[in-house]
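Each of the two complexes below includes subunit A, the first together with subunit B, the second together with subunit C.
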Partner chain A sequence: MKRWLSLLPVLLLTACTQMPLRGTGDLGVVIERATGRVAIVDTTAKSILARVEGLGDLSHASVVFSRDGRYAFVFGRDGGLTKVDLLLARIDKRVMQAGNSIGGAISQDGRLVVAQNYEPGGIKVFDAVTLELLSEVPTQSKVVGLADLPGQRFAYALFDKGEIWISDLSDPRVPKTQKFPAGMQPYDGLVTPNGRHYMAGLFGEDGIALLDTWRPELGTSKILEHYGKGQEKLPVFKMPHLRGWAVAGGKAYLPAIGRHEVLLVDTATWKEAGRVQVKGQPVFVMARPDGRQVWVNFAFPDNGWVQVIDTLSGQIVQTLQPGKAILHMEFSPRGEHVWLSARDDHMVSIYDTQTFKRLATLPADSPSGIFFTSRAARTGF
Partner chain B sequence: MKRWLSLLPVLLLTACTQMPLRGTGDLGVVIERATGRVAIVDTTAKSILARVEGLGDLSHASVVFSRDGRYAFVFGRDGGLTKVDLLLARIDKRVMQAGNSIGGAISQDGRLVVAQNYEPGGIKVFDAVTLELLSEVPTQSKVVGLADLPGQRFAYALFDKGEIWISDLSDPRVPKTQKFPAGMQPYDGLVTPNGRHYMAGLFGEDGIALLDTWRPELGTSKILEHYGKGQEKLPVFKMPHLRGWAVAGGKAYLPAIGRHEVLLVDTATWKEAGRVQVKGQPVFVMARPDGRQVWVNFAFPDNGWVQVIDTLSGQIVQTLQPGKAILHMEFSPRGEHVWLSARDDHMVSIYDTQTFKRLATLPADSPSGIFFTSRAARTGF
Partner chain C sequence: MINKYLAIALLLAGPVHASDPGAARQSELVRLVRQDCGSCHGMQLTGGLGLPLTAEALRDKPFDGLVATVVYGRPGTAMPPWKTILSEPEAEWIVRQLMQGFPTEVR
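Showing the complex of A and B:
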């Protein structure tokens, strides 16, 4: 009897303390790349809630979120796919799904998680609840630029084959795939925020492959023929992340390759509509959710700087030095704040996007990607 | 001892059953207008989780959500403002803040909840955590079309004064208000999805007042001079809800007044860009999140119909009869489903927006507004 009673607190504890009652709309994760760890953050309190270890090689990790905002799916460079429970702050499930992976996506309805792989190539389709493997699409090529499209479809590019594929996973065990020519060595891709236009940047030639996924029968077209390394063969310190592309006010803002410029493109005609001179070779070019500002970070040796373009004036309105090696930026869901990871200062900084004041800094071990649960409700993230 | 032991299950129960461990990203509420009640729904399971009573007169209720997605702020017609805890399925706080109210909004950072009032008029600013009244802006006029803007600002229209006001609540106890002429009797207003352009529909004259909130110094302009009841003074069974306005692919889709038409407006020039003939007088004209479809419901006697416009072809691609008196529509966060309330069939229907198949129906007592927590991450909702 006494033993029973003495168990009472323990029972209550196990039943409840692991159950923080809270919403998930203001949660997120910060990748701590050097330690195979993620920090779970609260964007309202601007604080770190917990850390989860054992996620493997996170040197090029990306994250998508479950439809309910409770789980983060972390894609590791080593092919590990880890489902992290943000409320219990622990690994819910983990599978080694490939030898070398560079990211993934989640289906419109949240039921399917898809990984894109370098080795052995191809994409793999998993049940988002169980992480059971449902199907694969072999490609005999490195896969890049995987993006979810409306209607349980996924678009991605094949580096070695120079193609864009769209796989329809309406029946997740029987993928239906359409193939389109892209150009030489697509190295990354993205879909516009409305999920309509898929674009693949080309490493082997200048220009960008564009596919209107509302009218795939029209096939791909080549836009921005001069976009790329060009004839001068400038030294490129880091290929920019297309996924960061900003679309605001009918214009796309994209990082020039090898040049200290951000290019403006008219999204109606896909013709160049101007350039903005910036402090270095841009890596991420990201629009604040309302589209009024575009934030830019840079490749080495300028990766300690961040610049802000006002999309109304087309001018740079702010230049910041948030820390050493700024790898990533993430806006709060409605854009009042931006979080910046400073890898070599082992710190995440939070800025007010209106006043440009630094509101807080959080310690993090070599932080890279920052991802908030509001991505769960958006296409192409 | 025995008595103690017998309490064990009870203790565990009280400690835990009220604490469902779940994310809040796929939650929402359905207004049951006749009974002063809301149903808490799960958009993944397509089910009703719980009901919360005692919210007063919900005959013209609207809802906004806390930044974390846990709380719904329900604005009742009787001036009641109720903070509902979606996880505990109970009223967290409730205040009677006015005699007659028609809705409210929440600030960009989620800290301020603002109510717009008919009687006594004006807006009231509340702390989102405590519902403490922080300040008021008296207007000596009915207030309509309250919308949140980036930077802790709120735009709204004054029916009796024919003005648009913008209040900056950066210091929530000391509102700073700018005033702009709008035209005769603005009856509703909305802000574009990027939070930039505020528009007020006019009841006392044709046309729409437009304010570029990025450049308020330019003042308001009048657009769509022929938008309104026009010379013919058609019978208008119900003034449309401007808040439902769809913006997709550089065009705004808005309900004609008194006519069986949806008007297309070019959002670059704000000139009319076409019309689509529909089955009745449109009430809500709402874009699927990807902008490919625009869904339209109608005023009596055509309020049993819903039509779908394909924004690529400009044609109506589907006509549905989801039930009697379709009052409201809400898309799932990424648009794969739409929920429709059929007031007089006491039912909510869930449709697949790609196949147009009805996936489920849920019982609800005179359902009207449907609101999902994904609104928390969006501007102007």
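Showing the complex of A and C:
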């Protein structure tokens, strides 16, 4: 009895401070970019659980997740890399790692977080637990399109140099880098869901550089060359993004630069397989996880629209106006819902992807990127 | 009300030109520069894919050249022409604000 009584204060304390146990599979973050803050969201309850502040300049912020889905690594424009604990809703670690940064990626085994930087140009490799700097690869160029590949490798493109580099981080303190020609001004890159093909979209010329990372010795080739056929392109008020790209039914759906088109490529032959005319210049072209639909948002001044392509018919089946300045979209893990950020309406809208009905809206201050923990298990996310 | 304060702040910040856009349009332009120019130049205008647009970065640049860059873009780079979105006096107003340190958004 006496022993039990002495334990009582400990038991009470534990009962008071312990949160209910929960998993992280239905969690995510919404970037509130103007206020340096992220909202932690629950995709089952469709609610905001908490907000975490003090993340710096979140212009163009992007996020990757630890593979246990507990931590979000947030890459800010000002070079800040912040590790946010989603369960405790607080900053776990934060480092200033560059002057001007654009995003990052996490290794196949989840042990390495890599940042891609504009200033100074290059990539930096961090221990995912401690955020200790392990190594860096200077590029003398702005780095875009960083993507994780199987085998602790990372592919990225160099905007100013027109190259694709692959760094092998099997020994994270001694990166081994291979370099390939890409083309004029690669603006972003992506890897196919199986981690095999890396593509860099080109801004300075019509076309996309393609590298088979299973056979890098074959070098790069160019696909969708001259898709503009010499026509003058429209002014591009916002660069498209390739990460979060769409592969569905053996075809890849890619944004055309300076054109109101989504380009289709056959992923067996890498030849053009058609085009879909859309309402504006595409920014994100994203497949619902089952591949039946592809959702497209647009650059300024058409950024109030979102269109849905049915991949079976190749037709647009829905045109929505979910709010002012739609910057990003994210599907729930199996795609029954999509969350859209409406920057100038200061809200996130949640739609049913089958009925196209709006299910809920959540308040958010100038929301931009939306990222769910289901990304943790996907190559290239 | 907010626009009035913004207008007062801008009055204090520099000379007013006859061709300046009205107060409501000025706050639209502030948001446009911060948010949409910001997608390449950063919301703090410290640069990104595009060059920094801070007062310090623009100090030695010729005013007319900057206005021409906004209106007509820079061929061969990612800078588009904004002439379908902005009038020339609006571009001049934006460049003047950039050169003296761009106002922050008021919500």
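Everything below uses one rule, namely that the second predicted complex is superposed on the first by the 354 of 381 C-alpha atoms of A that agree within 3 Å, B and C clash if a C-alpha of one lies under 4 Å from a C-alpha of the other, contacts with A are read in each partner's own complex, and residues count from 1 in each chain.
Quick note on the criterion: a contact is a pair of C-beta atoms (placed from the backbone, for glycine too) under 8 Å apart; a residue touches a chain by one contact, two chains touch by 3 or more.
Keep in mind that what you see is a predicted model, and the values were worked out from it rather than measured.
Visitor: Figure out whether A:Pro150 sits in contact with subunit B (first) or subunit C (second), or with both, or with neither.
Guide: first
Visitor: Determine, under the contact definition given at the top, whether A:Gly183 touches first (subunit B), second (subunit C), both, or neither.
Guide: A:Gly183 sits against neither subunit B nor subunit C.
Visitor: Looking at A:Gly291 after the superposition, I want to know if it touches subunit B, subunit C, both of them or none. Which is it: first, second, both, neither?
Guide: After superposing on A, A:Gly291 lies in contact with subunit B but is clear of subunit C.
Visitor: Using the superposition on chain A described above, determine whether A:Ala325 touches subunit B (first), subunit C (second), both, or neither.
Guide: Touch status of A:Ala325: second partner only.
Visitor: According to the stated criteria, A:Thr24 is in contact with first (subunit B), second (subunit C), both, or neither; which is it?
Guide: Touch status of A:Thr24: first partner only.
Visitor: Have a look at where A:Arg343 lands relative to subunit B and subunit C in the superposition and call it first, second, both or neither.
Guide: A:Arg343: touches subunit C, not subunit B.
Visitor: Please name the chain, subunit B or subunit C, that touches the greater number of residues in subunit A.
Guide: B
Visitor: Quick one: in the complex, what on subunit C touches subunit A?
Guide: Touching subunit A from subunit C are residues 31, 34-36, 38-40, 42-44, 46-49, 73, 76, 78, 80-82, 84-85, 105.
Visitor: Report the residues of subunit A in contact with subunit C in the complex, numbered from low to high.
Guide: Its residues touching subunit C are 33-34, 57, 59-60, 77-78, 100, 102, 118-119, 142, 144, 159, 185, 187, 203-204, 235-239, 300-301, 325, 343-344, 366.
Visitor: Using the touch definition from the top, list the residues of subunit B that touch subunit A in their complex.
Guide: Per the stated touch rule, the residues are 1, 4-5, 8, 11-12, 15-16, 19, 21-26, 43-44, 65-71, 86-88, 108-110, 150-151, 194-196, 214-215, 248-250, 268, 289-292, 312, 333-336, 354, 373-374, 376-379.
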